[in-house]
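Dropping the structures in below, format is structure tokens.
Each of the next two complexes has subunit A plus one other chain: subunit B in the first, subunit C in the second.
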Partner chain A sequence: MTPGGLGNLSLAFAGLFTVVGLLAALLAWYNRDARYLLVAKRAALLAFLGTLGAFVALEWALLSDDFSVLYVARNSTRANPTWVKFATLWAALEGSILLWALLQTLYTWLAGIRSRDYWTSPVVLTTLFVIQLFFLANVIFVINPFITIPNPPADGPGPNPLLQNHWMMAVHPILMYLGFVGLSVPFAFAIAAMVTRRYQTWIAETKWWLIIAWGFLTAAIYAGGWWSYEVLGWGGYWGWDPVENASFIPWLLATAFLHTAMVQERRGLFRTWNFALVTLAFAATVFGTFLTRSGVIESVHAFAGGPVGPIFLGFLLAILAVGFFLLGRISSEVRDAGTVVPLSREGLLLYGALVLMTMAFVVILGTLFPLLVEAFNGAKVSVGAPFFNQLFVPLGLLMLLLMGLGPVLPWRSADSETLRVVFWMAIALVLGSALGLVVGWTLWVSLTVGFVLYNLVALCWLAFRPIRRRSLVTGEGFLKTAAKVFEQSRRRYGGYTVHLGVIVAVLAIAFSQSYRLDVQKTLAIGEAWKAGGRTITVHTLRALREPYRNSVVADVEISGIGVAHPRLNYYRTSRTPFAAPAVRYTWNKDYYLVLQAYDQKGGEWVTLRLVVTPLVLWLWISAAIIIFGTLLIVWPETARAHVAAAVSEGAEA
Partner chain B sequence: MRTKYLVGFLVIMAAIAYLAWGGLGKSLVYYVLPSEYADNPQKYQGKRVRLGGLVKEGSVQFNPKTLQLKFIITDGVVEIPVEHEGTPPELFKDNQGVVVEGKFAGKVFHGDNLLIKHSESYKPPQQGAKLKPEEVRKLLEEAK
Partner chain C sequence: MRRWLLAAVLLLGIAAAQTVGNKPPPDYPPKVFEIAKKLRCPVCRGESAAESNAGVTEEMRRQIAQMLKEGKSEDEIIQYFVDRYTDWILYEPPKKGLGLLVWLAPLIGLGLFGLGLYSYTHATAKREAAFEEAPEDEIARVEAEIARDSTRERE
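Right after this comes the complex of A and B.
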């Protein structure tokens, strides 16, 4: 059997069981018969195994250099190292949609296992099977990677060299798809809740799935930023590129939902909001895919336009239509029972969600604006980073204000104890900003520093107050109490940890965007260059031969840090060399060296670009903090801790 | 109660709209060919512009010591001198399609970002062949 044959057979198998599962789920819904549900869950497993088979088949073709398979012939090459061949599966359109389908079937299967509710499960599975069928149909009929070529070439061109330059490229897309596809499960739960008219219970289960997807999305956005920084060689981690925006929009909407969902869990408010936000967040993932895979937007990482543009646009419209049609049908039933007190936790959560949605709107506007202008007057324009920065700085500060205050305020109304901590937070804000201005930072950076301190005061108070209160009552030592309190409200502390990570990230972004040194110089070998507070010396320039590429490497010493090796990689299939920058981090600044050019005749000089950026290391640290916090939230609880937590939450509410 | 929220919402939306459209007007970067610039030079004076065209044959001067790059960008009709600081990309050469981002200062264009427009199927125009602006635009757009 050939890889192509196995692939097509597996896809047919997966498609068949998706249809079976869909029919069984529908029957379970119409006949109210749980036996069909069992069939649907089993079909979900079989469909997953089918797409897994297709995935394995394509990997088999890639790893065995089977150039009779169209996808391999177009995107792979013999000389590549094994890990690049493996990652080539998601380096182009067809393979990446196959990966999408694989993860979709995985999520459908897992959602089936976890979903035990007699009423909603059939609808959840129906929705997921429909989405899964859409992707499988695309892989089978529209962009099939397993098409065989009658006269296979001896070798292929290989994937885009930029994708071969860093191992992160093997990780980032998978994380991104895990996040994107993961949002389909909350969407399915929302649809099920609206169809079955059970408007409250879906929130708890959905939130768990959404935090999982959110965590993957966050990790993926960070990984993309890291790749951009360490590979692309322009010295930045975020460029407001349409593809970056495409991942940021669902992230913003999902974040907004996480917060309004808390209000619904606690107070039963914002039901309409929550249905709308989940629908929008999932639609945004498809919107992003449409933007980046259809060729409507020019971008550094858009894949070549194929026939999928209109198909995804149709799918996007279908999602929005179904979501909002159902919401319209039930809107009179989900009106909020209570009112929102403006200065209470739910009030601030609402404002926070509004700010996040505004941010999402700004990103969509900036991404689509060039298309609008071209449609109206034919002028070709692009929207640069200044537009986004101008709006995101004030919106971000507003977000920081709400982020500190929201968790401090109690539900429903404010009391005197919280007023005291708010007073201290205000002091921290003023002191921090004033300190920044005295040191000579810009107004925006100073304000950011002030708000970061303000948030830190709030987080410290939130973290330590329950511990102190309890140790006063029980008389136990601080550490022992802290361990107990933490075990009982691990999810809450997870949330605080995520907030801490966001604060660290904001600080790193403010400084790295505001204070950057970017210089270039041509240096003779052995010449010393004083720049950015260090002495930079080029010791040697050497050529390096690897099986799949040739490189020119400069050994550059940065005084007090060590030797860095910026290089230019020459890939066989590309006429342009790719600069691989060398980054050396220190706790407050990092030194980023790019080999721009070198003396091709005698090797006597090199042109170096040096970018010194503050606090980028802390951006990566913030990623670790956020991921850790997310894990604290989603990690399954032991039964005993679960009961204890429920008791203590009940006592506090 | 409802109207209060509605008014608040409208005020917020108006503020955002003001910021957004004001910001957009200022931070829009126009993409033009030299002859489009020549039609209406006042419109682009002092604004950020992406200037697309071909590198004129024999016009490139580059000093690797000072990193000063000078060349002439053309679309077959209008020629504009460009000054750019920094090493040109590897594929930068005569007749290559390029896009330079920067600002006009008088007659000279000061670039700060130089992009090569090339695709694997790119064929440079023949020596001495005169291209029309539409052909240049097509050439630049086909190359990713």
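Right after this comes the complex of A and C.
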């Protein structure tokens, strides 16, 4: 059996059982017969195994250099290291949609196992099977990676060189798809809730999925930023490129939904809003794929173009149509369990969601604006980083204001104890901003510092108040009480940890965007250059041959830090060299060297670009904090902690 | 050095890709890159004139440096490129005409969503108020019905 044969067979198997599962789920719904549900769940497992088979077949073809398979012939090359060959599966359109289909079948199977409600499960599974069928049908009929070439070439061109430069490229797309696909589960449960007219329970049932998806999206965005920073050589981690925006829009909407879902769970409010938000968040993942894969928008990251643009646009419209049609049908009968008090936790969470949705609106409009203007009057305009940066500073500060206040206020109304902490938060805000202005930071950076301190006061109060209260009652020591309180409300502390990570990230972004040194100089070998508070010396310039690329490497010493090796990589497929920057992190700023040009005749001079950016290391640390916080929330509780928490909650109530 | 030359020969075929020939690019003050960052590279995808290594951006940076030396202000320099390439060369859409729309996006968004939100909470509040204003006998009738239903459920 050849890899191509195995791939096509596996795909047919997966497609068949997806159809079987879909029919079984529909029968379970129409006949109200749970036996069909069992069939659907088993079909979900078989469809997953089939897709896994296709995945394995494509990896087999890539790793064994089987150039008779079209995808391998187009995107791989013999000389690449094994990890690059492995990651080539998601370096182009066909493979990445296969990966998406694989993760979708996995989630359908897992969601099937976890959904036990006989009333809603058939609709949940129907929705997930339809989504899965969409991706599988694309892989089988439109962009099949297993098409066989009659006369296979001896070697292929290899993937885009930018994708071979950093191991992060092996991780980032998987994280991104896990996040995208993860949002399909809350969406399916929302559809089921609207079809079966059960408006409350779906939130609790999908909370776990939602936070997992959110965590993967966050990690993926960070991974993409890290890759941008360490590979693209322009010294930044975020450029408001359409592809970056495409990943940011679902994140913003998922974040908004996460918070309003919390209000629905606790207070039974915002029920119709949550249906709308989850539909928009899931649609945004498809919108992102449409943007990046259809070629309607230019981007530096659009590595995989193809014929799927109109198909994904149709799918996007179908999702929106189904979601909002169902919502329109039921909206008159959905009742909230009360009203929103403007100055309460739910009120602030609602305003926060409002700002996040506005941010998403700005990103969508900004990204599509060149298209809209061109369609309207034929003029060409560009909307880029300077535009987004200017608008997101005030929006971000507004978000920080709400983010600090929201968790501090109790549900329903404010009391005197909260007023006291709000007073201290305001003091921290004023002091922090004043301090920033005295030190000489810009107004916006000073305000950010003020708001960061304001949030820190809020988080400290939130974290320590329950501990102090309990230790006052029990008379136990602080640490012992802290451990107990933490064990009992681990998820709440996970939430605070995520907020702490966001604050650290905001601080890092404010400083790294405002205080960057970016200089360029041509140096003779051995010449010393004083820049950014260090002495930079180029010791040697050397050529390096690797099986799949040639490189020119400069050995540059940065005084007090060590030797860095910025290089230019030459790939066979590309006429222009790719600059691989060298980054040296220190705790407060990092030194980023790019080899811009070099003397090709005698090797006597090099042109170096040095970017010194403050606090970028802290951006990566904030990623670790946020992921740790997310893990605290989603990590399964042990039975004992569960009982203890239930007991204490009962005692509190 | 001989090893170096050998490697240079190996690379010769592709080395021609370096756009400015074998001459070091001139050292520009950071202000040049600051201005170039606001302009897009006319021939690349999603790169600014500060980052791109294409020949046309090399020329743009040279022109910026030249004009700065002549004492021209940043606005004048940017206007020079707008005159040559239209507004498209700017990464910020113009704050006039249709461009105003995208600059006001946050206000439009906050306004639209805020209005939706207001009518939503308002409708909920009105429903509650309507319940409170309901005539006494109607409330009594409904309450009796609820009580009857819940006793039936308990049975």
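As a convention for this text, the second predicted complex is superposed on the first by the 643 of 653 C-alpha atoms of A that agree within 3 Å, B and C clash if a C-alpha of one lies under 4 Å from a C-alpha of the other, contacts with A are read in each partner's own complex, and residues count from 1 in each chain.
In this text, contacts are C-beta pairs under 8 Å (C-beta built on N, C-alpha and C of every residue); 3 or more make two chains touch, one makes a residue touch a chain.
The structure displayed is predicted, hence computed values, not measured ones.
Asker: Given the superposition on subunit A, are subunit B and subunit C in a clash or a fit?
Answerer: Once both complexes are aligned on subunit A, subunit B and subunit C clash.
Asker: Report for A:171: first if it touches subunit B alone, second if subunit C alone, otherwise both or neither.
Answerer: neither
Asker: Just to be sure I read the superposition right, which of the two partners does A:79 touch: subunit B = first, subunit C = second, or both, or neither?
Answerer: neither
Asker: Looking only at subunit A, is it subunit B or subunit C that touches more of its residues?
Answerer: Partner with more touched residues of subunit A: C.
Asker: Tell me which partner A:543 touches in the superposition: subunit B (first), subunit C (second), both or neither.
Answerer: Second partner only.
Asker: For A:52, using the defined touch cut-off, is the partner it touches subunit B, subunit C, both, or neither? Pick first, second, both or neither.
Answerer: neither
Asker: Would you check which partner chain A:597 touches, where first means subunit B only, second means subunit C only, and both and neither mean what they say?
Answerer: Both: A:597 reaches subunit B and subunit C.
Asker: Does the superposition put A:435 against subunit B (first), subunit C (second), both, or neither?
Answerer: Neither partner.
Asker: Could you look at A:518 and tell me whether it touches subunit B, subunit C, both or neither (first, second, both, neither)?
Answerer: It touches subunit C, and subunit B stays clear.
Asker: Considering only the touch criterion stated at the top, classify A:384 as touching first (subunit B), second (subunit C), both, or neither.
Answerer: both
Asker: Which subunit A residues are contacted by subunit C in one complex and by subunit B in the other?
Answerer: 298, 339, 354, 358, 361-362, 365-366, 369, 373, 379-387, 390-391, 394, 520-522, 575-577, 596-597, 599, 605, 607
Asker: Considering only the defined contacts, which subunit A positions touch subunit C in the complex?
Answerer: 233-234, 239, 241-242, 272-273, 298-302, 335-336, 338-340, 350, 354-355, 357-359, 361-362, 365-366, 369, 373, 376-377, 379-387, 390-391, 394-395, 517-522, 541-543, 545, 550, 552, 570, 575-577, 596-597, 599-603, 605, 607
Asker: Which residues of subunit A touch subunit B in the complex?
Answerer: Listed in rising order, the residues of subunit A that touch subunit B are 298, 339, 354, 358, 361-362, 365-366, 369, 373, 379-387, 390-391, 394, 520-522, 575-577, 596-597, 599, 605, 607, 609.
Asker: Spell out the part of subunit B that touches subunit A in their complex, as residue ranges.
Answerer: Counting only subunit B, the residues touching subunit A are 1, 12, 16, 19-20, 23-24, 26-32, 48, 50, 64-67, 85-87, 89-91, 116, 118, 144.
Asker: For subunit C, which residues are in contact with subunit A within the complex?
Answerer: Those in contact with subunit A are residues 1, 3-5, 7-8, 10-11, 14-15, 17-18, 20, 22, 24-28, 30, 33, 37-38, 40, 45-48, 50-51, 53, 86-94, 98-99, 101-103, 105-106, 108-110, 112-114, 117, 120-121, 124-125, 127-128.
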